[in-house]
Structure formats: structure tokens, C-alpha cells
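Can you keep this structure in mind? I'll have questions shortly.
Order of writing sets the labels: A, B, C, D, E and F. Residues in every chain begin at 1.
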Amino acid sequence: MKLVIAYIAPFKLDEVRDALKEAGVTGLTAIAAQGFGRQSGHTETYRGAEYEVDMVPKVRIEVLVDDTLAPTVISTIETTARTGSIGDGKIAVLPVEDVIRIRTGERGRDAI
Amino acid sequence: MKLVIAYIAPFKLDEVRDALKEAGVTGLTAIAAQGFGRQSGHTETYRGAEYEVDMVPKVRIEVLVDDTLAPTVISTIETTARTGSIGDGKIAVLPVEDVIRIRTGERGRDAI
Amino acid sequence: MKLVIAYIAPFKLDEVRDALKEAGVTGLTAIAAQGFGRQSGHTETYRGAEYEVDMVPKVRIEVLVDDTLAPTVISTIETTARTGSIGDGKIAVLPVEDVIRIRTGERGRDAI
Amino acid sequence: MDSGDTAWLLTSCALVLLMTPGLAFFYGGMVRSKNVLGMLMKNYIAMGVVTIVWVLVGASLAFSGSTSIGDYSVIGDFGLWGLKDLGLSNELFGMSYPDNVHISFQLMFAIITPALIAGAIAERMKFTAWVAFVALWSILVYSPVAHWVWGGGFIAEQVGAVDFAGGLVVHINAGAAALALVMVLGPRLGFRREVIRPHSLPLTLLGAGLLWFGWFGFNGGSAFAADEFAGNAFLTTQIAAAVAATVWVLAEAFTHGKPTALGFASGAIAGLVAITPAAGFVGPLGSLAIGAAAGLICFWALRLKFMLNFDDSLDVVAVHLVGGIIGALLLGLLAEEAYGGVAGSVEQLGRQALSVVIALTYSFAVSWLLAKALDVTMGLRASEVDERGGLDLALHGEQSYALSE
Amino acid sequence: MDSGDTAWLLTSCALVLLMTPGLAFFYGGMVRSKNVLGMLMKNYIAMGVVTIVWVLVGASLAFSGSTSIGDYSVIGDFGLWGLKDLGLSNELFGMSYPDNVHISFQLMFAIITPALIAGAIAERMKFTAWVAFVALWSILVYSPVAHWVWGGGFIAEQVGAVDFAGGLVVHINAGAAALALVMVLGPRLGFRREVIRPHSLPLTLLGAGLLWFGWFGFNGGSAFAADEFAGNAFLTTQIAAAVAATVWVLAEAFTHGKPTALGFASGAIAGLVAITPAAGFVGPLGSLAIGAAAGLICFWALRLKFMLNFDDSLDVVAVHLVGGIIGALLLGLLAEEAYGGVAGSVEQLGRQALSVVIALTYSFAVSWLLAKALDVTMGLRASEVDERGGLDLALHGEQSYALSE
Amino acid sequence: MDSGDTAWLLTSCALVLLMTPGLAFFYGGMVRSKNVLGMLMKNYIAMGVVTIVWVLVGASLAFSGSTSIGDYSVIGDFGLWGLKDLGLSNELFGMSYPDNVHISFQLMFAIITPALIAGAIAERMKFTAWVAFVALWSILVYSPVAHWVWGGGFIAEQVGAVDFAGGLVVHINAGAAALALVMVLGPRLGFRREVIRPHSLPLTLLGAGLLWFGWFGFNGGSAFAADEFAGNAFLTTQIAAAVAATVWVLAEAFTHGKPTALGFASGAIAGLVAITPAAGFVGPLGSLAIGAAAGLICFWALRLKFMLNFDDSLDVVAVHLVGGIIGALLLGLLAEEAYGGVAGSVEQLGRQALSVVIALTYSFAVSWLLAKALDVTMGLRASEVDERGGLDLALHGEQSYALSE
């Protein structure tokens, strides 16, 4: 099993979630995050004091998937989150040793 | 070492933390999250416009543990976070290569 | 490739980010978190009702890095986030199987 | 009619109306974020429902004519229903300002009184049941008690108790009802077990600020003129609020080691409550004493709910019932004839005590019966799932905050 | 001059000024968190820009002298420019309070009217274009229409329509301009496709509370005295707001199953809008009818924007244009001579209808031309990137919330 | 006594009281979320502590009798301590409204003045030390300066300077004290190194809206009657605020490219500060000039703290000290005799300048000594750990927000 993590632009969340649903994903978890990367930050000014702020708001989603579904999940996120401009974000794939569904105690693939 | 991630209902956080403490866990980190899963979402209505919202508030906790303690951590979360209704959440176990305590520079098991 | 996760004190975020930038890191993601650990919590009182609150505000950062850069990242975080008092936080290193840059579709090291 | 008095009463009407939103935020800041809108709505809806009830029958039952049992006038009549015959003169009430202003002023009091109760039943009561409760309570409890005290009823006439701006009619009345309602409703899930923290104390402090501001209309307007008596009530109001707030945070500092912002706000409201029945009857030093008593005793009274184990969630009993009693009794001793024509004495204290017992008992009993009746017929309480998930989504289909985009 | 009338009008001026911050929060709570400051600024800036325009020429064009086409006075003159000759007397306007108070009172109306429009163009209009629009609109639309209705112009004199506190001048005027501006500006990115949720309904309810409070100055002050007519306008204002809010949440409960807090707030504003032109002409029962009509019809009118597909983001048309029309027309039928000297009749209804058509058409047409002109010259709309990222950072270089440390 | 004047002054009292919560939110929005309650409390506590001090001795020292050095009256006496002999008449102050209203009105000024100082010491000063500072400062600085200017003291009598509503007594006084306190206290950890962002600008804008609203009572009430002079002060207040806010955002647009919401709010306050001493002495065009000067100069003065390296955290010096000086001086030139009996002249400018120097020097010197004394005895500053973790938890044991459940 894999944990697919993606950092995406906040306004893409709905679209990505709907596409993943379509692709057969039955669950995901999203978290509000601040990202720093190639995308240039911005300047904020408060009473004349200028601050360079490199962090931009991102959403971090993570999806637990079965190995076989992982490529689909990755390509779905890629396609829907892409706008072509810097800051579209990244996807990372991590190995998962076990998954447990709290409600039933199911383990592994069945628990996803 | 393992990283145990769990998505649970927000009102279970205190209980789970206390149980983990009891079970010998010395630290954890919790983050506010939005989850989508089997648990049906809800409808929100703003000035007559109805929105289907699939995401429900969850808390995501993560615990770094020594391999030997991992099963205890998992079963403790399972028992305390379970209500038996859909939406209780999931647990995932990820391999960890190294842990460092920033204050002391300790590494590995000692750092947990 | 690795995913380096660190839980640090919120007021250290700017310093750590600047140091990582200096060290050649091109991106990271930060999330507001609540941590429980050795650092003692505090008491909150609302209309005479006292609550023991163990959770303290932390920032959780995560950095995707190439294997060769990982040690630098770890030591940079260690040095800049350290104050020497309890609660400085922890670093964890997880294996990453793949990274994809959404904008370009690049994979692996190039995508970081 | 006097344009200056009219100007001040119009202003006071507006100030008292603002107190209900103020109260909504005072309470709304103290609940968890999943219940904020539910809390705000339980206050705001009073501005809707009570206004309608008041226009239709409430004003009439409280202030038009009198229906007596023996010598005791216990309720008004229906002579003013729909406010059809209100007109533009000042003949009905014989004030130096128009009758329609007097009806508006009294309406604002009728609105905030049930709204006060909402703090006790926070985070678990059904909205529909609350609406029914407010409408019926306004007719069955508020209008009668207002009549007894201010509408020529027996508390003023036979008992001889006085109530400057609503110690009995507003605060004791609401506080007793809160207690009754909580007893029928039961505690929140997790009461005494879980950490239930205020989700936004800045909102609570904002509410306290608006309440303090509006209270000048509440007490100052209750002099029914822009004169030296209004000026005195204004000043005593300020003093009592200030002293009670300060004493409360001092008490906290001694008890828990730390003065809190919530404590300051709570103390201020306690002081404002306690001075309400007394504002026009005592002078600056009297208000200082009342404020100090309110700060200390209401702070202490917070523990009642833990001792007696009822989940009066936002402390309506400790602040409004206890605070109202403090003011109603102390004025019996501290009133100086020069200010409002009532002299403090043991007899006056007795009259005040009797009036407190009557208002408290009546409000508690009728509120309890009403709560029971509603519980049996429509159900008072949200389902467990709805309570867990929060009333905002379950009952109103809305979220209070969506801060992420 | 009468000190009581002066006191009430001074108070009313302050109350109406507060409505613009109130409106800012009413609107500000409804946008996404990336656009909050942009929204607040579009309201607050009206307090700056319109004041300057008003002092320089606006007040003069609306209320000084008259420039006629035939018998029809269509605009004032420049006699009062810079308020140089305002002086300290009450000779210009012949009120029982000083002319400078009258100019301040009218100024507050001139400020909030363009601020109302801001709700329609939320989350996408450039700040610079908005400032230009407000300044020019104030001169080209607000001052003329105010003159026609209140400054001795032809709507009052020849058409014979009445407008107590701004159904035509404020609400229909702003609502028609909102529609025009939206048609030129186009919808937000994601309109009808994405979930665009209010970021903080507590702020919206706070705004609604402040608006309700301030409206007592708006309508009550429009009696231009502290007397029984002010008292009546005050009471009808309260009733209409309460009834409309209650009817709105009832309509929601029947349609969607759940009464919402946003619905209560929206209904209250709809009721306040609808009673505005009528407040001093009808009595309590008339205001009840107007409130009920506003609650129902404005609730229904929300769907217009989806039917006709224009992104009137915060429903300025449904609430202010529709609400204003309801009040302006219904007063033609429900006015009772005893209250404000106008008797309801089919003729009066006709006059009111004609005045509505004139104000609506004029405001729509000039606003559309103005929007087009600004679009061509300076561009109305923020860039797509700025809209995606939010106007706060892009246009103002600020973030609304930084809650993490 | 005149009921209209009484009505307006009662209203003004309430409006000025509301300014302190308004200020609390204006400041509270600008600090980091770990210090919000600490900031709010430093303002709210002034409503408690200063009221008590005022009742006990403050009012008496400022406004009862006079203690002279030679011909110069430098302080009142203890004749009015406890307000025991305040009574219900208007004999003490000879106003057209009761003495108790005058005492309340002056009290509200005494409250907000030390509250203004709190902006300078944000995010690091101990609460206990702040309480001591406020209580002592109120006696040692506020009451004397109020006496000199408004209580028959030597600035009014011998120096011949005028101060309509508190340029000297409130703003210069508070601004000089802020500077002194900051110099003793030192900068926040991370000043000039870390990004210290406002945690909630909507709260700041709310505060600014409430301040603007309340200021009408501050300046309008300072005419001590509901008449044409009050009307003029009201109008000049509105104009100065509007112009200064607009000029400030223009200056931002030219300097940094973007007009900010915080800038608008700051400019408005700067304009309100600057017009305060002048509101009743100048006309609309004079207020336009004062507003423009305040907007430009205070905006420029923001950089002083970086140039001179003192952490006046929320810019009390740039806004209140500089703004107050602008108004106090410009009125010396722009006053027109018709408005308030003072004619602008080089002599008057000289008198004004002398009064500024006196108030500034006295306040700075005594505040500095007081700060030093408190620093030595009880310590002014929170510990480093408490400052890092935030004053809310460390000093008050509360969290401002718990938004997650």
C-alpha cells in the first residue's frame, strides 16, 4: 500500500477530490498548509513596514491506496491539479506497512 | 521505528491522547484536517444555494514509535477512537528511517 | 529520496526556512499543529473551571529531499531550531518512493 | 411632549436593541466553533419572534388595563392588541414622550429577557423547541411579571417593591427560567468530562463591550426622561460595572493566580445586572457597594453548577439570577430617598425579598412546566449525533467559519 | 432651534455613519477569506471618498438651489460648494436644528448608498476602478436622484411620489446600479461551478446587528425631529425587520428544511430596506404587512440571479432593488394619512410606480455607461491571477488573518 | 437644565465609553494571536480601574476647586472625593445639564486616555505592572493636565491655549507617555528581525469603525450642548477623518504601490486625533486642511520608530502624539472666531505651541519616572519565555481562539 501526498493550490481541491472519487478512490484527508517553493512569494506591507513573505497557501492532501490504484491516483492528481504555472505543486509516494479501519478492525487492503 | 498516522473524530482527541499516554507514548502531534470517506457529507445552504459538502472535520494525529510499541499504539487508538459508526477513521503505519531530538541531537529510539 | 518531517516551535519557522533555503533546499511545506510531549502543558481557566491542556502549538514542516541532501537538511534544522529547552521538537526521516512535479510531470530527483 | 426626553428615549430604545446582538456575541464566543451560529440564532431569533408576539398581544397583556384577582392586578387585557390603537399621542402612558416610543422601549426589554436564557441551554437545545419556548414564555411569563412590576400590577401596588430597570422583570425572571430549562434539558454530552473551551474570547469581549454600551440605554432610559435622574442612573451603572469587573479579576488573581479576560467581561455583566434594579435609587457610593458585592458573590456562584450538578452552560444562573437578587435586595438597604424617592430600610428590604421570591418562583414553575410540555410534544433536545457534530450544520445547514480559502 | 430635535438628529447622524462599517462586516463575512479586506475596503473607502465629494460639490448639487428643465427641477447648483457658506444657522433648510447637522445627516446617506453596491461586485473588481466609480457615481447619480426626491426636484413636486428615508434614493438607486455594474463586470471565476462559501458568518451577523441598530437613525432620523412621527418610524422599522427576518427563516425551513443564520440576517435587512420608504407613512400593522412581503418576495428573488445568470455576488438586487420596490409600492397602498400625511390609494400607487421606474432606469443607465467608460479606460476587473490568489494580497498587500502565532 | 442638551450629553457619554472597546479591537487585531487577550485586557481594564480612581479622587483633582502656585492653578482639591457631594443639580459646573452627566462624560475621557498608551507596549508588558501604571498615571498625569486645560488651570487661564476635545489632555498626553514607557520597557523580542504581522485586520477595522462612531460623542459632546456648535464639531470630525484616511491610502499607493485597509483605518484615526483639539474652532474647510495634514504627516511619522529605534508597537507616537500636535498647532492658525470664539493668529499659534511643550514635557517626564519606579519595584516586563509563548496563556491563562471543534 502507498500513501500519496500532494501539495496543490487551494482552489483545485474540489476538482481533484471529484476526479479522485471518479477514479475509484474512497477516501482522502486534506489539510491547510503553507508552501514555499519556486513560486515567488509576495510582499505584505503593514503601516509602511514591508515584509517579504515566501509562503503561499496550499492544500496538502493525502490518500492511502492499494498499490494497484496508486498510478491512477497519481495521474489523476497530475491532470486535474495542473494549470501549467509555477506553484502547481508536487506529489510524493510513500510506502505504507499497514492500514487499519478503526470501526471494524479490518487490516491492509480491506481497510482502505 | 514507525510513524503511526490516525484520522479520528475531533471529539475523540482528548480520550485518545490520554489513553496513549497511559500506554507509554511520550509524544504525539495533532493537526486539524478535513476528511472525505464513506461517511456521507452534508448539505450546506447559503441564501438558497445548496452545496454538497463531502468533507467532514477530522483530527489527524501522528505518533513516532519504536517498533515494539507500535502494536500497542495501534490497538490503543483502535479501542478508544472506535464508536462503531461510519467515520471512525483509519490508522496507517509508515516506516521511519531515523528520528532526531532537536534539543539534544539524540538519534533513533532514544530520540522518541 | 526522503521526506524529512520536523516539529518545531512556531517562532522558529522563519529562521529554519531561511537556513534551509541557504542550504540549497528549494521547497518545503509547513502546517500548524498541536504537540504533546515532554514539554509540560499549561493550565487554562475559564470562569473558574480549570483545564489542564497538554497540547502546545507547534509547526510541522516537511521537506522532500534527495538522499544526498538529507543530512544537510537534518543538521540545518537541528542547528537553527535548537534553543536547548524542552519542546524544541523532533525530526523524522521517511523513505519516499517517488516524487512528481505536477506542473511538468517530471519524476524523481528532478521533481524536487 | 418634550423633544429632549423623546430624543433620549429613542436613543435608549436603539441602545437596548443593540444589546441582543451584543449578548449573542458575548455568548457566541464562549461556545465551541461547531455551535456558534446555533448560539447566535437563539439570540437573534428573539428579535424576530418576540417583536411579533409583542405587537400582537404581549404589549397589551403587560401594559394595557388590568385584570385583577381581588385587589391584585395580575395581568393586563387585550385592549392594545396589534397596537392598532396606539396612535401618536402620549395619553396612554402619560409620559413626556410619545406612547409609541414607550412601547418600543418596553419591547426591547421583552426581547432581551428570553435571549438571556439562551446561555443556559447552549450547544444542545433544538432550534424549533427554542422558538416555541421563547414565544410562549414571552406571553406566559414575561408579560405577567412585567405587568406586576411596571404595568400597575400587585408587586408594585401591594407588595411595594421597586425595580428600576429590570432586576425582577429581566434578570431574576430569565435566571429562574434558565435553571428550570436546564433541569429539564440535562447537561451537554461531555459536561465535566471533556474540555469545553470558548472558541473565540475576542467575540465574547466584543459582546461585553456592546452590552456595557447598550446598558446605558437600559438603565439610563429607565428614568423615562433626559434629566438628573437619568444622569445618576447612568453614572451608577458605569460605577457598578467597573467595580464588579475589577473585583472579579482580583478574585481570580487570588484564587487561580491569573486575572482573565473572560473574568473581566463576566464581572462587568454581573455588575450591570446587579445595578439594574437599583440604578436610579442609589448614588455613586451605593453603586460602588453593589458592584463590589456582585463581583464577589457572582464569582463565587459559578461553582454552584458544579456543586449541584446542572449544566448551566454559560452561567445564566450565577450571573443573572444571583446578580439580579443581589441588586434587588441591596437596593432595599442602600436606596437613598433623594435619588429615586425610595429610602433603604429593613421594611423595604423585606418587600424586595418578597418580590424576589414571587418572581423567582413564578418564573421557575411556569418555565419548568413549559419545558416539560415542549419536551413531551416536540422534544427539547437535539439528537446525540447532531450534538456531537455541532448544531450549526445539523440544525442550520451552515458552517460558522471557512477560513481556508 | 430645538435642542431635543438637534440631539436626536446628531445621534441619528452617528447611527447612520455606523451603518457603513456594519455593512462592511455584513458583506465581509460572506466572502472568502482571501477577499475580506478587499470587501471591507470597498465599503470603508466610501466614508472617505464620498465625504470629500459631498463637501466639494455633492451636497450643493443635491440640496442647494435648483436647475430646471421647464418646470422640472433636475439638479441643484454650486451655491454651497465647499460648504463655505454653510454657517451656523438653520436658515438654509429651515429645520428645527442647524443646517450643518442636516448636511451631515444627508452625507451619511450619500456614503452608504454606493457602499451598498459593493456587495454585487465582490471578489473581483479592481480597487482603483471602484474608487473612481464611487466618486463619479456619487456626483452623476446620487446627487441628482437625491435632488429629485428630497431636494425640491421633480419627483417630489411633479410626480408626487414620496420616499420617507430612501427607498428610491438609496435602495432602488443602489440596486439598479449594482445590476448594471455586474452586467459589465461579469461573473466571478467559478461562479455556479465552485463552492463559494461565506468565510465567517459571525462577522455577517455582527454586521446585520450593527445595521439594524443604525437603521433606527436612518429611519427614525428621517422624521427630522424627536417627536411622535420619529417614534412611529422607529417602531415600524423594528416591526418590519423582525417580521421579514422571521418570515425568511420560515420560508427557508419550508423550502430547504433548515432555517439559517444567514437567512435571518438577510431577511432582517430585506425588511429594513422595504420599510425605509414607508416608515413614517404607515403604522404598526402596515409595517407588519410590508415586512412579511419583503421576507417572502426577497427570499424568492434570490433565484433571479441564477435564472438570469448574473453574478450579483451578495444579492444586492434581490435585497435592495427588490426590497426597495416592495416598500415604495406598498406604501402607495398602505399609507395612512394620520401618520405622515399621505393616504394610500391607487393614484398614489401609480405615482410611486412611476417614481420607481424613473429612479431605476436613470440609475441603471448612467451606472452602465459609467461602468463601460471605466472598463475601457482603466479596466474594471482584477487579473485572473489576482482573483485566484485573492484581492487582499493582490490589491492591498495584506492578509486578513494570520492566526497561527 | 435643558433636556435636549442632557439627551445629547448622555448619548455622548455612551459613545465615548464605547471607544475603549473600539480601541481594544483596533489594537487587538494588530497583535499576534498569542497576545490578543492580553491586548484587549490592557484596554478593558482601564474601564474598571480608572472608573474607581475617578470616583475616589480623580474627578476631584481635575475638576473640583483649585490649588495654585502663585497665580497658576496646578491641580484641583479633594472636595469631591467619592463623588459624595455630587448631588443631582447642575450647580457645580453650571452646564445646562446635570453635574452627574458632566462627571460621567469626563470620566469616559479619563478612561480612554491611558488605554491609548497600551498600543505602544503591546505584546510584552506585564499585566500587573500595567494596572499599577494606569492607576497612578491617571492620578499623577491625567488629572493634573485635565485640570490645567479644562478645570480652570493655568494652561487655559495664563497660557491662553485652547483644546476643544482633548488634543493636549488626551492625545499628546497619551502619546508622550507612550514614548516614555517604551523607552523604559525596550523593544519586543524579534523587533525589526521577525515578521510580526497583525493577526486579524478585520478586528482592527471593526475597532476603527467603532472609534469613528464613538468620536462623534467625543468631539460633538465637547460642545456641551445640542446646538449648532455641536453640529459643526460633528461635521468637522467627519471631514477630517475622511480626508486623512483618503490621503493616507493615497500616500501608500504612491510609496508602496498599494493602498491598505490598515492604512485607511490608521489614517482615519490620525484625522480624528488631529481634529480633536480643533473640532469646534474651525469650519469645514479648516477641517479638510487639518485632515490632509494629519494623513500625510502621521503616515510619514511611522518611520520615526525605525529611525530612532524604539518599538512603539502600534504607533501611538506617530498617530496620537504627532496627530495631536498637528491639530493643536494648526488650530492656532485655522481657527475662525465665528465657530468657537478663537481667531487663528501667530499669537494663538504661539500659545498653542507653548501648551504642547508643557503637556508633552510633563507627561513624558512623569511617565518616565513612573515607569522606572515600577520597573525597579515590581518589574515592567513579562519574562522571555512568557513573551515567546504569548501573554494570553502566560498572564491570563486563556487562549484567544480554539477554532478546531
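Keep this in mind: a residue touches a chain if its C-beta (ideal position, glycine included) is under 8 Å from a C-beta of that chain, and two chains touch if they have at least 3 such contacts.
Note that the structure is predicted; figures quoted are calculated from it, not measured.
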item: Steps in the shortest chain-to-chain touch route ending at chain F and beginning at chain A; value: 1
item: Given chain A and chain E, the chains that contact each of them; value: B, C, D, F
item: Chain copies touching (chain A, chain B) - same or different residues, decided at half shared; value: different
item: Averaged-CA centre spacing for the pair chain D and chain A, given as whole angstrom; value: 50
item: Interchain centroid distance [CA atoms averaged], chain D/chain E, Å; value: 33
item: For chain B paired with chain D, centre-to-centre distance based on mean C-alpha positions, whole Å; value: 44
item: Touching two or more other chains - residue numbers and ranges from chain C; value: 11, 31-32, 44-46, 57, 94-95
item: Residues of chain F touching at least two other chains; value: 2-5, 7-8, 11, 34, 195, 197-198, 200, 206, 226, 256, 258, 260, 262, 397-399, 401, 403-405
item: Chain contact graph, described as a line, ring, star, complete graph or other shape; value: complete
item: For the chain B and chain C complex, residues of the former touching the latter; value: 1, 3, 17, 21, 26-32, 64, 94-103, 105, 111-112
item: Residues on chain A engaged by chain F in the complex (per definition of touch); value: 44-51, 53
item: Interface residues, chain F side, partner chain C - complex; value: 34, 190, 194-195, 388, 393, 397-399
item: In the complex, chain A residues that touch chain E; value: 9, 11, 14, 42-46, 57
item: For the chain E and chain B complex, residues of the former touching the latter; value: 30, 195, 197-198, 252, 255-256, 258, 260, 262-263, 266, 299, 302-303, 306, 315
